[in-house]
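Taking it in order: structure first as structure tokens, then the write-up.
For clarity, chains are labelled A, B, C and D in written order, and residue numbers in each chain start from 1.
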Amino acid sequence: MNQIPDIIRTIPLNYYLYFSTALFIIGVIGVLIRRNAIVIFMCVELMLNAVNLLLTAIASYRADTNGQVFVFFIMAVAAAEVCVGLAIIVMTYRNTRSTDVQLLNNLKW
Amino acid sequence: MTSIILLSIFGIINLFVGFMKSKRILLPLSLLFLAVVFGANLFSWNEAQSYFNHMLTIDNYAVAFTGIMVLATLLLLPFSQHYIEEANENLAEFYSLLLFSLVGAIMMVSYENMLMLFIGIEILSIAMYVLAGSDKRRLRSNEAALKYFLMGAFFTGVLLFGIVLIYGATGSFYLTDIAATAAVNDGTVNAMFTLGLLLLVIGISFKISAAPFHFWAPDVYEGTPTLFTSYMSTVVKIAGVAAFYKLMAAAFAASYAAWFPTLIAITVLTLVVGNIGAVVQTNFKRMLAYSSVSHAGYLLMALVAFNERSDASILFYSLSYALATIVAFAVLQYVSEQRNGDETYAAFNGLGKTNPLLAFAMTVAMCSLSGIPLTAGFFGKLFVFTAVVQDARLMWLVVVAVLMAAVGIYYYFKVVIAMYMQPAADAAKIRIGSFASFMLIFITVFTILLGIAPALVSDLL
Amino acid sequence: MQEIVMPRMNQDMALLCLLIPLLPFIGFLLNGLGNRKFSKGLVGFIGCSTVLVSFLISIYLFLDFKANGSQAYTVDYYNWISAGSLRIGFSFLIDQLTLLMLLMVTGIGFLIHLYSAGYMSHDEGIGKFFSFLNLFMFSMLLLVMGSNYVMMFVGWEGVGLCSYLLIGFWNKNTNYNNAAKKAFIMNRIGDLGFLLGIFLIFITFGSVSYPQVFAEASKLTGLDTPVMIGITMFLFIGAMGKSAQIPLFTWLPDAMAGPTPVSALIHAATMVTAGIYMVIRSNVLFILAPTTLEVIAIIGAATALLAATIGLVQNDIKKVLAYSTVSQLGYMFLALGVMAFSSSMFHVLMHAFFKALLFLGAGSVIHAMSNEQDMRRMGGLRKALPVTFITFLIGTLAISGIPPFAGFFSKDELLAHVFEHNKILWGVGVLASFMTAFYMFRALFLTFFGKFRGPEEQKHHLHESPAVMTVPLIVLAILSTIGGFLGIPEVFGAEHVLGDYLAPLYTYARSINPAAFETGAVSHELEFILMAVSVGVAVLAIIIAYFMYIKKEEVPAEENARLAPVHNLLYQKYYIDELYNSLIVRPVMWLSNAVHRLVDVIVVDGIVNGVGRMVILSGRTLRYAQSGAIGFYLLVMVCSIALILFLNFFIG
Amino acid sequence: MTESLFYFLASLTLLCALMVVISRNPVHSVLFLIITFFTISGHYILLNAQFLAAVNIIVYAGAIMVLFLFVIMFLNMNKDSESRVKTSTLSKFAGTIAGGLLFVIMVAAVKDTTIAGYNADTFTSQTGMVETLGAVLFTQYLLPFELASVLFLVAMVGAVMLGKKEAGEQHF
């Protein structure tokens, strides 16, 4: 019953921290270098997943349910965000026929 | 708690009422709802209580900020008349989204758990992404929505990463637990804690458009339909700052040394960028966007001061700022609508002659925003500055802020000069409904009243 | 000094006190809201009568105050500001200084309102004008009556706002933007200082209310502590801005773009003396910081001299008066710097009389000349405008310090105090006084003597102003003549009415630094000599002016005959005069021009414009950062995050 | 064994995540993202968080990614859509450098931190099970759970409002 999973015993929690940070940063870089709104948005999802992963890892290591419940809420929020975000992207596409964010610079200065 | 429940229910009722053919009932109904919420909220005064396993606490702080935010919404809704006149199909959705987003805003001022903060921010933000793009066929509105959304989602990620790191370091999402852990460890638990704290500060700074995370604000404010810009720059900003202060006071008071240098740098940068940026604008709406950045700076000053006067100063400043901003955006909305969508200063030329009321309300609002005495804004600034100088070492911050306020007067008075000194290019009188005029008068009188008797509000907290 | 509790808390008195500022405010509301519907007469009536009633109430308060043993009291109305430990009441402090200022502000204010009713009668915006003027009165009264620094600041900002509004009143035909902008920036710098001073006072004493602050301050020991120097320097920076001292003085001459009554009321008689009022009010604090006082004295003397030299070459009649105002304000600060607070107040009062008179006289001239302000186009106006001429002459005599006119007594007393303190500053003061007499008489001669130099058709339009304008002139002329008897020097065996009256103000200050208030160090002989010197230089200046501007202009014979003795005496020394002219006057003129160019145009304007340009430039740069591209925004923000984290973790 | 599984999954995750960023075709990005989500679910299973692993696949890989894919198909973007205006190498370079810098700083900041790991005495392997989570979710987290419904309502109303066709609006 109270068997501690191998992974928790063998892998230090710090590794998960570095791993999640790396995943997070890949998301950040993706947001920075891509210009397609949809891909940028996918990279944001990547960032959120990095957060989820770290949260789950910490919660699992400490056998704390709170962290896992939080992940659940992050997923819910992410779903809501995707729903609105894609609606906005589609709406913009209708007007501009593009999802390239670099072309959207009427508002400036 | 009552306000949250009521607002959720009223939002749904509004959606259903939207099925009816006539949209005229929606505005009075929404105003009534808001008035009810405002009244119900007052019953919680001095009756601090925590709900649902300490998920949120409705104390005087929460009640006061809820009151201001509901009041602000109540005051800016009457300026949605043009939507009614043009029989906008989505009117019910607009009102519902505003009511729902208030739920998020209230969560942000009463949370006790990071999860509540996060959900509150998200409810508010998602509603704002939608409202920013609500003028679907205008490219600028689309652009504003997309920009706001992409950057907002990105910073949600940053904010969450901060929350997770804090959780990792302290093992809890509750503010009190975090504060307890931090206090034991001398305010600095470990590097992970500090990193999380800084990311959290950055995430919220983005939400309240503090420099250097303000880049979205001018563009989004300009592109968003004016009514919702007004909402964004009042309610959203107030909720953000109130949440920020609550976070710092309840969870990170012991870690003052860890966030103070960063926050003070952000504050100064915000003041400078907001004010200097506003000077060169020719578009009034964009100027107001920059000015709202600068006001975030003044609000942050009170936060930086971080003493027993901070909360009351933030409260008073928020109220004075909200009143003036609502008027500014409302007048802008009427003027630009009836002058071919012109949002530049030139659109206001000769308004003093054609519409003395609009011009006067605008003048009072500008005086209040720039902090001229006998308006609420003066005391807002005064309270913030006195809160800051409690710590004599922060005198230099006040010097910067006063200099920047001086710059502020320059650009705020540009519109006053345009209204009274420039000849009217288009002498047509701006039409405005009688209820909206009444609201303008009410807000103006309220602004002056607070400038004469600030004690009405300043000692609530 | 000031009692913290009001000895006679009396509802009627409280109401009366409140009415003084409230009436002009009502006038402002009435005129501001109804200016389209009211007739011009009604507008003028509302504007004047409210101020008149305030004046009458002030007189009543004054008499009542005297009758009740001159006991200072505060009148509390309500708890104005209350935020945490900061509690500020909306209350008035009625004491000697307040009452004196009240009488001056409302009295002269009323006369100028009356005059404006005539002067502005042809202007369309008269309603707006009177509402601004009344708003100004309201703010100014708040400034002098308030019992704490915050109320003073509110009034301070209010008068600044009105000044800003009124400078731009005729924006159509003036270089409005620059003047207003300059006034604006300089006053802001001053306000910043004042505000910081208030904050520092609040930190140091835990209160901003005068009685408490002064009571606390009097307990301090040790002069020249850094915090006191800080407070007083900040306050003085505020005073510099409002009272146009070096380096913040150039806005005042530019402010002459406004209507002349405004120049008289705001930019000469009342608002610009707010800085002096503030220093006298805070005398306890300043006594604690002798270093600041030294700085004040030096800056005052320098301003007096610099402005006087610039005044020598001005051709615009209002500019001459403006520079003379700056110069006289310099005198007042000089007196404050040597701790002669009462003398400074005396000069404030006298200056208010004669400078208001001079400005209104100039206004009358300008009115008659159909808005011509250049003295080179005037001349010989004394026949056409007899009343204006006589009163202007009295004003000129008064400002030049010719006995027995008002300016003689105040300036003499002031200079005597300066002499006691520092001989060099006294020398500077006398030199400035010499120049003052010279340029004032130059203005007088150019305007009223000689031949008319304007266009021919205008000559026929010349007319004396209506009674509504001349009556204030006459009243002010009488005051300028006899006002000086308020403060007859001791040597004449009379009591110094004003000095004795104001003495209770300095109770605290005296207890801190008794030495500063000891008088009589100057012997009577010396005092007579000093008087003789100042009168002598004034007369000399007048004579030189006479030669330069009347003699060389081939004045008519009968004028010559009347002035024959003087004329003959000097005629033989004519080539000395020439010599003087080329050796002294010319270089001085050249220097004065150069100083004007250098200090005024290059340094001060340069700094002011430079700051403005810098702001705009950095704004432009910021604009380019706002490129509209999400990618760029995010890049900058991510870099900022990286920078913040880097600084926090790896630096410090 | 488990250790190497961790390393394998972690490298796979990072690799796929990189491919999401690098792929020029959005459809490929989506597919790589789905693989990423599966590998992350694998991590969840390793961490004994079975419920989250299931939810992650259902919600993310199942619902959200399908939505993405749907929109991409809908907008007919299966070709390289970024080729019209060429992204400057400079901006890509700058973005990568900035991100890399941030990574180095963040890792360097926390590298010496020892994070409290597991406590063998109090550890319970039931944490990630549905009944434990459910109990917590519906007691302690009841309020946020209910308020999440407001969030969904907002999202729903918003998406419908933005997505629906108005009179006179052009068709796709």
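Definition applied: a contact is a pair of C-beta atoms (placed from the backbone, for glycine too) under 8 Å apart; a residue touches a chain by one contact, two chains touch by 3 or more.
Model, not experiment: these values are computed from the prediction.
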Farthest chain relative to chain A (centres taken as mean CA coordinates): C
Centre distance in Å when chain A and chain D are each reduced to the mean of their C-alpha atoms: 4
Intercentroid distance (Cα basis), chain B paired with chain A, Å: 28
Between chain B and chain D, centroid-to-centroid distance (C-alpha), Å: 31
Centre-of-Cα separation between chain C and chain B, whole angstrom: 43
Residues of chain B whose C-beta touches two or more other chains: 115, 119, 122, 126, 129-130, 133, 136-137, 147, 150, 154, 168, 171, 191-192, 194-195, 218-219
Residue list for chain D, restricted to those that touch at least two other chains: 91, 94-95, 98-99, 102, 106, 109-110, 113-116, 141, 144, 148, 151, 154-155, 158-159, 162, 169
Multi-partner residues of chain C (at least 2 other chains): 623, 626, 628, 630-631, 634-635, 638, 641, 645, 649
Chain-level touch network, classified as line, ring, star, complete or other: complete
Residue ranges of chain A touching chain B (in the complex, touch as defined): 13, 17, 24, 27-28, 31, 37, 40-41, 44, 47-48, 50-51, 54-55, 58, 62, 64, 66-67, 69-70, 73-74, 77, 80-81, 84-85, 87-89, 91-92, 95-96, 101, 104-109
Contact footprint of chain D on chain B as seen in their complex: 4, 8, 11-12, 15, 51-53, 55-56, 89-90, 93, 96-97, 100-101, 103-104, 107, 113, 115-116, 119, 122-123, 126-127, 129-130, 133-134, 136-137, 168-169, 171, 190-192, 194-195
Touch list for chain D against partner chain A, complex: 1-3, 5-6, 10, 13-14, 17-18, 20-21, 26, 29-30, 33, 36-37, 40, 43-44, 46-49, 51-52, 55-56, 59-60, 63-64, 67-68, 71-72, 74-75, 77, 81-82, 84-85, 87, 91-92, 94-96, 98-100, 102-103, 106-107, 110-111, 113-120, 122-128, 132-133, 136-137, 141, 144, 148, 151-152, 154-156, 158-159, 162-163, 169-170, 172
Chain A residues within the chain D interface of the complex: 1-15, 17-19, 21-23, 25-30, 32-36, 38-39, 41-43, 45-46, 49, 52-53, 56-66, 68-69, 71-73, 75-84, 86-91, 93-94, 98-100, 102-103
Interface residues, chain B side, partner chain A - complex: 114-115, 118-119, 122, 126, 129-130, 133, 136-137, 139-140, 142-147, 149-150, 153-154, 156-157, 160-161, 164-165, 167-168, 171-173, 192, 218-220, 222-223, 286
